[in-house]
Amino acid sequence: MATDHELRLRERLARLRNLNLLGGARVSGELEKLQRQLERIQAAPTDEEIWRSVELARHQDRPYTLDYVNRLFDDWVELHGDRGRADDHALVIGLGRFNGRTVAVVGNQKGRDIKERTDRNFGMAYPEGYRKAMRLMELADLHKFPLVSLIDIPGAYPGVAAEQHGQGGQIARSQALMSRLQVPIVCCVIGEGGSGGAIATAVADRVLMQEHAIYTVISPEGCAAILWRDAAQAKKAAAAFKPDALHCLELGVIDGIVPEPEGGAHTNPDEAARLLGESLRESLEELESIAPEDLKRRRRAKFRSLGVYA
Amino acid sequence: MATDHELRLRERLARLRNLNLLGGARVSGELEKLQRQLERIQAAPTDEEIWRSVELARHQDRPYTLDYVNRLFDDWVELHGDRGRADDHALVIGLGRFNGRTVAVVGNQKGRDIKERTDRNFGMAYPEGYRKAMRLMELADLHKFPLVSLIDIPGAYPGVAAEQHGQGGQIARSQALMSRLQVPIVCCVIGEGGSGGAIATAVADRVLMQEHAIYTVISPEGCAAILWRDAAQAKKAAAAFKPDALHCLELGVIDGIVPEPEGGAHTNPDEAARLLGESLRESLEELESIAPEDLKRRRRAKFRSLGVYA
Amino acid sequence: MTSRIDVSIEHRNVPEPPGKHPNTCPSCSSHYRDDELEAALWVCPHCGHHFTMRARARIASLADEGTFVEEAADLRSEDPLDFFDLRPYTERLAEAEMKTGLGEAMLIGQGIIDGNPAELAVMDFAFMGGSMGSVVGEKFSRACDSAAQRGVPLVSVTASGGARMQEGILSLMQLPKTVCAVEDLHDTGQPMISVMSHPTTAGVLASFASLGDVIVAEPGALLAFTGPRVVQQTTREKLPDDFGLAEQNLRFGHIDAIVPRPELKAYVAQLLRLFSRSGD
Amino acid sequence: MTSRIDVSIEHRNVPEPPGKHPNTCPSCSSHYRDDELEAALWVCPHCGHHFTMRARARIASLADEGTFVEEAADLRSEDPLDFFDLRPYTERLAEAEMKTGLGEAMLIGQGIIDGNPAELAVMDFAFMGGSMGSVVGEKFSRACDSAAQRGVPLVSVTASGGARMQEGILSLMQLPKTVCAVEDLHDTGQPMISVMSHPTTAGVLASFASLGDVIVAEPGALLAFTGPRVVQQTTREKLPDDFGLAEQNLRFGHIDAIVPRPELKAYVAQLLRLFSRSGD
């Protein structure tokens, strides 16, 4: 099912790999170097290519967090609950063995069938979900487990109870907690990185995106509804705000791109997991020699440097 | 309305004051010294005296947390909410100026009339209340404000929602948090110190009790219902488990007794507040020179030493 | 592709229904001249409704006269995405500056509040709905540093519809950016007092505004991550009358107090005294 | 004195209705011989009901054969209050020891679980309802120290009706005592795995048992601060069917997992491997 479009995309990415930017999922923390490399890339993604990533990021067969967890982590134990009010199924947490050591994992989780989708609220966490994530982060910090965060959330949930339970405050506090952790944190957007719901668990030392993931401040439909007053203009909105991995890399928002198999992650979940695993391993190895206090300091400095102004 | 009983009690306490144990609300941290002094006291409180304290501790006109707060703390600002789900009115938190410096205050709060009693759930916090207390504790620790905790709770609330919201876990976590704080903590039982609800906010460097407060593992009625299978035997139960201040001091559970005005705190709230204020001031002054890390270490060591076994 | 819930969650919450004159009270329909409202701190003298307050008026109402020294006034947004919806972003920016006399949706600077030195970070809803782009994030971040360097508390006053969509993902990055700035400030032992005015929503609520050591709201202010219109459209739920308002937030434990505007300066000053290290 | 809500909150939760033979399954009424249940880890072979398990049987089911070395076995309760209800406390203690063959309601010691060294602290409900007095507190506290000194995790298995009323306020003090012990253990970087068996209530739930880095419960276990009987008597509320049970606790986010007894050893061993520092 490789379309013309996909072939072109593969070709462009092959070129990118030759630039040693994504070769073997290589991740470079040096923004400047990345940006120099990017300057050499002549063709920015077309509007069509951007929209294709939106579609692939939301593809119903795209691997979700647990699909990767089951392939990448040994001795996996899923933990449950926020130790307060609920066990939010839209977000999974747990411990597993990766590359010979224990890591703590948090990930958004969508459902496959109607029943699971409802149970997991289409991957949209409630405030209790962010609390559940924070509980895991504290556990990781106490026991010095590196934290792996997989992002795949359409956006924070627009519901009455979510507001009453303090969604805004929990998203803020989850970010604040991540900025205090003294363990390595690697995050990868594996599908939709939607707004506040995504950033709640994305304050990482290394932020990666899969090739066809998207990272957005608002859904294309939402943006179109507000700026064009027509949700059907979503494709136009996506072209305007550029949620694709290459643009995010160019803007310094992410540190690296994780390649996907030909045609997208869903075409070969095993290979997608292998490529993701390589990137996670490389990132964690880069980080493990950094002193805990330095990790925290650099993480904050990195996020505080984001933005373009004059 | 000073009864014969009260006069006898005053007399005995006057003796105690001469022993310099309670003089001017003097508080000694040295358990051994206290115990030697107590040995000199011939007469333990009678069953009648113990029951009188139970009655006074629950007296409807007894000053509550806000009655003391309004008399003792300048620039008082009450804070609200657990930053999550609720603002539990059974427990008040806030900041105020005491003895020239800012302190953080947490206290259980009963209501005066039917409406306020309902609003404050008869002084019994929900799990959200313990979270609210923890929020203040974290604020105190961050800003190095000493913490003053006033205890006046019949017991943790026996309700369906309280269980569903994780009452047991929150009480445990509140204690754990107090055991980690690096600021001075002074606590005083000002009425009923009832079981888990009380201990949740009572892990302090200095634990005081007012003369007629009671500190119990279970209400006398509850104990009687279980052991005598008859709640009406409450007086007998109280005599057996000895919840009065003198016995608590003798057992090393508290560090000092705060005198009350003739006839009990309710007869003269201003004087009761003055005496409480003196004890708090003395305790805080004793603690302020201790290094933060030492405070924490000693606090834990103190609680870990409690118990009688062979 | 299956049908999916629409998740357009960030959203500008328009404070007054369109069409009415801005000086007509939306609550009691009384009408005022500018100078009347100015004198009343933009609170309706008839019913107490709190009108949205402009940033300079807010600063004048909080800082002791003549004490405010603005910082980072020259910062201006770039257009990193070449963003074009119905009009180019650059054009919208220029228009907003023309209309408001401000370079961006936030003013920062040093000030003294009833004798207490502080750093101020004040938003202006009139500048593109108080949306948070790179400049708002950078200004807030610098305000934290300025407070830390001078050893004074930070007082923030928010009024924002959320993210600056025209800066795309960089706008989202202002959330962790401002969060990290508050954490750096906290590490120096200085507090942040967060004053939430109408509306404080979406990205601003989900970042620095919620990290105040003390959080104060104005009466009737909408404080919600997702505004009522989007919640209703998406979930078809019946919304409670006070959905997302300050009063509901207080009841649900999210904020510490609701303080009417005329009492705000004294309230903030009292907090600053309590948080001051010197104990005076 | 006004009328007041009764607040008799600590309360022994009797695991089986009185009168029935202890080996009769309260769920399906099957009856078993001791050796049958012993062989089945005291899980009903017919319906899966988990009978209360004695401490020594529990240790045998968790620790590799011959590896358990008991500690602090000689500690005995004093009677600091000269407590007398219908009978003296000392008499109740002597009787409990006679009946159970245990000196107290908790056993502690070193053990190896599927090859992973650990410290064990295991409660026995048969000893005065697993109530926590000074000796239980002290034993648990020593278990934390032993784990810290040897650099191994602590595995606790709880079964308790709550406080030991006969020790009065000293019984309440075992809550902060055990909490401080866990915190001291955590400061050394060692985890605590908390296994909650039926029933884990009141003071034990409100102290160390809830501080496990991972909290595992057995199916059907009552885990509540206040048991259903007292809640119903006090509030007259209609209780949900699974009120306070492990299944409800999982749904409300209080615990990490419900693990049937036959799988418990492997589950705990897996956690111990994950928490081990050496990374093997």
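For clarity, chains are labelled A, B, C and D in written order, and residue numbers in each chain start from 1.
The definition used in the following text is that contacts are C-beta pairs under 8 Å (C-beta built on N, C-alpha and C of every residue); 3 or more make two chains touch, one makes a residue touch a chain.
Keep in mind that what you see is a predicted model, and the values were worked out from it rather than measured.
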item	value
Chain-contact steps, minimal, separating chain D from chain C	2
Pair sharing more residue contacts (C-beta pairs) when B-C is set against B-D	B-D
Cα-centroid distance, chain A relative to chain D, in whole angstrom	41
Computed distance of Cα centres, chain C from chain A, in Å	29
Per-residue multi-chain contacts in chain A, two or more chains	83-85, 164-166, 169, 173
Multi-chain contact sites of chain C, meaning residues that touch two or more partners	252-254
Overall pattern in which the protein chains touch one another (line/ring/star/complete/other)	other
Pairs of chains satisfying the touch condition	A-B, A-C, A-D, B-C, B-D
Residues of chain B touching chain C in the complex	75, 77-88, 95-97, 100-102, 128, 132, 139, 142-144
Touching residues (chain side chain D, partner chain B) in the complex	1-2, 4-12, 75-78, 80-81, 83-86, 133-135, 137-138, 141, 163, 165-177, 179-184, 201-203, 205-211, 223-226, 230-231, 234-235, 237, 239-240, 243-244, 248, 252-254
Complex contacts: residues of chain B adjacent to chain A	83-85, 127, 131, 164-166, 169-170, 173
Chain C residues within the chain B interface of the complex	186, 189, 191, 213-214, 250-257, 267, 270-271, 273-275, 279
Chain B to chain D touching residues, read off their complex	55, 58-60, 122, 124, 154-160, 162-169, 171-173, 175-176, 178-180, 194-200, 202-203, 215-219, 221-223, 225-228, 231, 237, 240-243, 247-248, 251, 253, 299-300, 303-304, 306-310
